[in-house]
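Mind having a look at this structure? Questions to follow.
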Amino acid sequence: MARIGFLVLLLVLWTWASQSVPRGIIPSPVATLEAAQRLWAAGRLQAALGDSLTVFASGFGLAALVGIPVGVLMGSIRLLGRALDVFVYALAATPRVAFIPLVILLLGLGLEAKTFIVFLGAVMPVILNTYAGVQDADAELVEMARSTGAGQARIYAHVVLPGALPFLVVGLRLGATIGLINTVVAELYTAVRGLGGLLALYGNTFRMAEYFVIVLTLSLIGVVVTEGLRLVELRLSRWRNPASR
Amino acid sequence: DPFRLIVSDLETPLVPNSVMELAQQGGYFERAGVEVTFVRVQQTPLAIAALQAGEGEMANISVDALMQLAARGGTDLRAVLSPNKSLPFLIAAAEGIETVADLEGRSFGVGRLGSLDHSLSMTVLQRAGVAVDRLDIVSLGQPNVRAQALLAGQIEATTMSIGTLISLPDPEAVNVLLDADAYYAAAPVVTKVNAVPQAVLDTRRAEVEAVIEALVLASRDFAADGASWASAMAEARPDVDRDDLDQLATLYAQSWSVNGGLQRDELEYTASWVAQSEDFQGLDLPSLEAWVDFGPLDAVLARIGVDDSAGMDSLSR
Amino acid sequence: MTPDQPGTARAHVELHEVVHGFGNPDAVALGPVALSVPRGQRLVLLGPSGCGKTTLLRVAAGLVRPDGGRALVQGQAPRPGQAGAMVFQSFRLLPWKTARQNVGFALGHLSHGERMERAQRYLDLVGLGRFAERYPAALSGGMKQRLALARALAAEADLLLMDEPFASLDAQARELMQHELLRLLRARPATVIFVTHSVDEALLIGDRVVLLSPRPGRVVEDLALPFRGDDPALRRADPDFSRLRDGLWHRLRDMVLSDPASDFYGRGTL
Amino acid sequence: MARIGFLVLLLVLWTWASQSVPRGIIPSPVATLEAAQRLWAAGRLQAALGDSLTVFASGFGLAALVGIPVGVLMGSIRLLGRALDVFVYALAATPRVAFIPLVILLLGLGLEAKTFIVFLGAVMPVILNTYAGVQDADAELVEMARSTGAGQARIYAHVVLPGALPFLVVGLRLGATIGLINTVVAELYTAVRGLGGLLALYGNTFRMAEYFVIVLTLSLIGVVVTEGLRLVELRLSRWRNPASR
Amino acid sequence: MTPDQPGTARAHVELHEVVHGFGNPDAVALGPVALSVPRGQRLVLLGPSGCGKTTLLRVAAGLVRPDGGRALVQGQAPRPGQAGAMVFQSFRLLPWKTARQNVGFALGHLSHGERMERAQRYLDLVGLGRFAERYPAALSGGMKQRLALARALAAEADLLLMDEPFASLDAQARELMQHELLRLLRARPATVIFVTHSVDEALLIGDRVVLLSPRPGRVVEDLALPFRGDDPALRRADPDFSRLRDGLWHRLRDMVLSDPASDFYGRGTL
């Protein structure tokens, strides 16, 4: 409910902004809606969405698949964590564009290159949040688990990772948002396609209503993915608010 | 307040557009009685945004963007000058592709499908006898990305400027299929102009004219003596080989906007040409008056006279 | 390997001059302690707060490697999970698992079905059968402790390390649990090291009582209990019971009040 | 030690890569070092560094100053958190470039605009990690604190935030890395300056040795900032590894 | 306001038909309970594991709003921190604060100097004076419990809510702490609601003993103790002592074994 209230507030603000900012930089909500219908009817939005979602899903999926194990390894093998973490941060702080020449050289201009660019951005928060979550594990519970003869795998699956879940989820949610941004970057810097391509097209030709449609589509994907992750977290955190049975 | 000139070069470029920076270096603005500072941004859309936000008085932007704005009715920008009408583009290809005939079926990098550089290149190639519908067009955004992709072997040919070609780490690695002259001959359109908002024209017209005057005078000096451009450039860009500069100077001998670069016939040709590009589908062609104002340039030319000696940039109204 | 007892059969748990200071040799928390627990013995540890009882159990479980000396379980350095099952003083339940899953967690070697069946059996034993699906957050303090107990018992290990396992239970539940423990041990003998603060409980549960001094804990008394059988009622009725109780009680009080290492040294209030 | 080992490994890899990749896309370590000396001697590196650090420090500082309180508010006032979090994620998932025209219009091309762009990127992980950390607070400890009569401020300062410290620190570290990337973006998309400007310049003109110098400088800033945050965390987490006294 | 006791002076703590079920009305955990505690009384709560003792204390402290009924402290709905100081069953120490800081945390209203001084005083009282700079992780179970005790006592509140405050202490420390508590109360009277599992402790500490039934806890016995004075030795020597102890003991046992709500209903082992 509060969300809807806030949404209405945003819409009012937007309408006001579109009227007071000069020279059509901000299109009105109505104009944007019309543009969305136009793009949808022409099938352009769907095609671009399909392209971008493919890139995003493969890059983000890979980031989750690689980031969590790497974060776990860094958190569990002290030496490895110590040796790597500074380099991971260095890598995370390096602008993605700096890697573009190399990526083009090694992976070309297609899906692989784009997926890799998305992966590179999304994997950082996943690794680093997982790493922090694993380091934050409850030492008493881990000792308890060891005392039952549980092996490393069992300890991680049942003790460390469930405890690190809040870290994991923020990591994944942040990774998803960065992944989306990088989807656009990838689509602009390798073979131009998808929503990133439309963004460039409408931006360069000053079609602001269409431009806003693309921007909002991207935000919406972000919302869907992060809300999905929230639901997963809620399911896995039922124990926090136990209803008496 | 100084007069802020927005350019989309990060340093003095290796093309005649360098006249803006060199005019500053050579004191032309000072002598014309205007204090100019440069604002550097990356691309035309940003230059336009900056102009609209009042972050500069004049910007060097691409013609198609200006026409887009005019066609969508959302602008009061006017072109008043073109220091470098047409950037010296050429078509380069990977090793093994020696002539345009070899291009058939190969991949070709453009900035964006439907953009001016796309339609220009296609026209040029068509004129050269290439069946452009048999090319594999890849859109690649920024010019440097196109060059990198070419070097990395991910595309087989693309359009680039002479400046980019010279700065490649290994220029021998690419073959120039069509040089800048051939390119311009095939598509003689104006690609870049200096635009100012109407409000600036209304309030700071004297400074606008002073800037125009300085740039025209500088262009005339470089047109008169190519070597003077090369030595000015050597000062501005010590990293570039002097031989390369001298070579470029001869190449550019005919490229100077000695009369301000705004000629009605060329602009009308350009306008009709841009109107055919994909980006303009469904848009009405704006009249020249909606995006060009000859007034300030004509006032300057009235003061300093028209240059018709060299036969370049001949006046057309 | 154990030159100090060349003739005897190998004891189940042996501590050889074990010392531990949590990495700080100036503030030793435990020892040196030498102790040998024969298979099947129920050894009760008594000692003032902070003397190192918990630390001693962790050493025996292989969870902590002592700063000095050696611990041996079945003649080998103890390995966690293989040495024995532990009831922790602070419960250490997994908050994201239900009661039954918490017990099941200790039974990783069984199939899912066997695990859940056995878990339910031990939950019933500690009176939590109806709460199998609850998460720990919805259990009371005493219920949590019984859950921790069920987890350790369910492992059916041949060494039980129990750290004040009944401290949060009401008197009746405590008595019931003592009884159940003894019943289980009759059915399936195991070695037990049992920490308690109750002298009565020590005398009811143990075969042998070891008294530790204030920090750093050292063995100051090692008492084989003279009772026959382990029926609590019979033990209580034994004339030795109150004699031993009073003796241990006074011994402990003296240590607490007159040992300069004690937290209550010189407290004149009693 | 492990770090140094890994560094050596990286250097060897780099040298090998620079020799095997064609056409000078990867400069050798030696060439890069020479370029660094050249840039330093000419004073270009220092000037650009100064520009960029100013932008980064103000944007990141602002992000920490704003992000932590916002995250705390969202985590503590349930309704606010619920109402806002989806929009924060939407905002986080929207490519920065989409905001550039608006930013230029409202804040111009100078320091304010750049600071804002850095802020916008860096504040997201700070808000979202703080938010998750506050939600993850130990309910038993909070109840204890309430029972002592501690007010909200006291509870946050002494119970919730210390408990959320690992979240806060990853949030800040991620914020710093994103802030650095956005420094470059800001410097490219408003008035071109600083390290971002040099990156574009050397990238566009294929001066790869100089380009690498800038990239490494950026990574180095990332390392310094995130290591600094690690030291702060270590200081504040002494209780985790208590030496007996 | 309290129609049920129109003539008497207002009691310090009043519970009017308090019921709590943690949001689930089908599984009530406590009550209905009606109870009125006069100012200065030491009320001891006894009851089987899980019957709602902790829940009752949380209601009285204002930490939980009951699902039904009303709680009043000094005639008003209790507000946390103002109603009284609580010793939690599970200690609830701040791991990132030293022992002294943990005690000081409860003293937000004092200046830093006073806070540290008073904290040290109460640490000394519970025998932790030498451990003031330690973090909780480096304390033993009993030391943690004493620290939690010191924190509550240091608040010098006029209502003390104590949830098994001595459960992890050895017998000697427990006796010392009982003694210290009584001494403090003589010097600065306060109302106390004290939960314990030890019938002996109930009789030594209380003015009045209230017995709760198995879940949901209801008052089944409300006993004013007949002892004169609070000297433990005199109380133990009183002939009423063992009579009362045996009476309470059997009452509790019967409830545990024969109330169908009990976790050990029908357990034939005893």
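Annotations for the structure displayed:
Letters A, B, C, D and E name the chains as they come in the text, with residue numbers starting at 1 for each one.
Please note the rule applied: contacts are C-beta pairs under 8 Å (C-beta built on N, C-alpha and C of every residue); 3 or more make two chains touch, one makes a residue touch a chain.
For clarity, every value in this text was computed on a predicted model and none was experimentally measured.
Listed here as common contacts of chain A and chain E: C, D. Pairwise, the chains sharing the most contacting C-beta pairs are A-D. Relative to chain E, the chain whose mean Cα position lies farthest away is B. Centroids of chain B and chain E (each the mean of its C-alpha atoms) stand 85 Å apart. Spacing of chain A relative to chain C, judged by their CA centroids, is 50 angstrom. In whole angstrom, the spacing between the mean C-alpha positions of chain A and chain B is 39. If you average the Cα atoms of chain C and of chain D, the two centres end up 50 Å apart.
Shared contact sites, meaning residues of chain C that touch two or more other chains, fall at 22, 90, 138.
Among all residues of chain B, those that touch two or more other chains are 45, 52, 148, 152.
Those residues of chain D in touch with two or more other chains are numbered 25, 101, 105, 203, 244-245. Touching chain A in their complex are the following residues of chain C: 58, 61, 63, 80-82, 85-86, 88, 90, 92, 94-97, 105-106, 108-109, 133-138, 151, 155. Residues 44-45, 52, 65, 68-69, 72, 74-75, 112-115, 138-142, 145, 148-149, 152, 154-155, 279 of chain B touch chain A in their complex. If you check the complex, the residues on chain A that touch chain C are 140-141, 143-151, 154, 158-159, 162-163, 165, 236-240, 242, 244-245.
Every residue of chain D that touches chain B in the complex is listed here, in rising order: 22-25, 100-101, 104-106, 108-109, 188-193, 197, 200-201, 203-208. Every residue of chain C that touches chain E in the complex is listed here, in rising order: 22, 46-52, 54, 89-90, 127-128, 130, 138-143, 146, 163-164, 167-176, 179-180, 183, 197-199, 249, 252-253, 256-257, 262-264, 267, 269-270.
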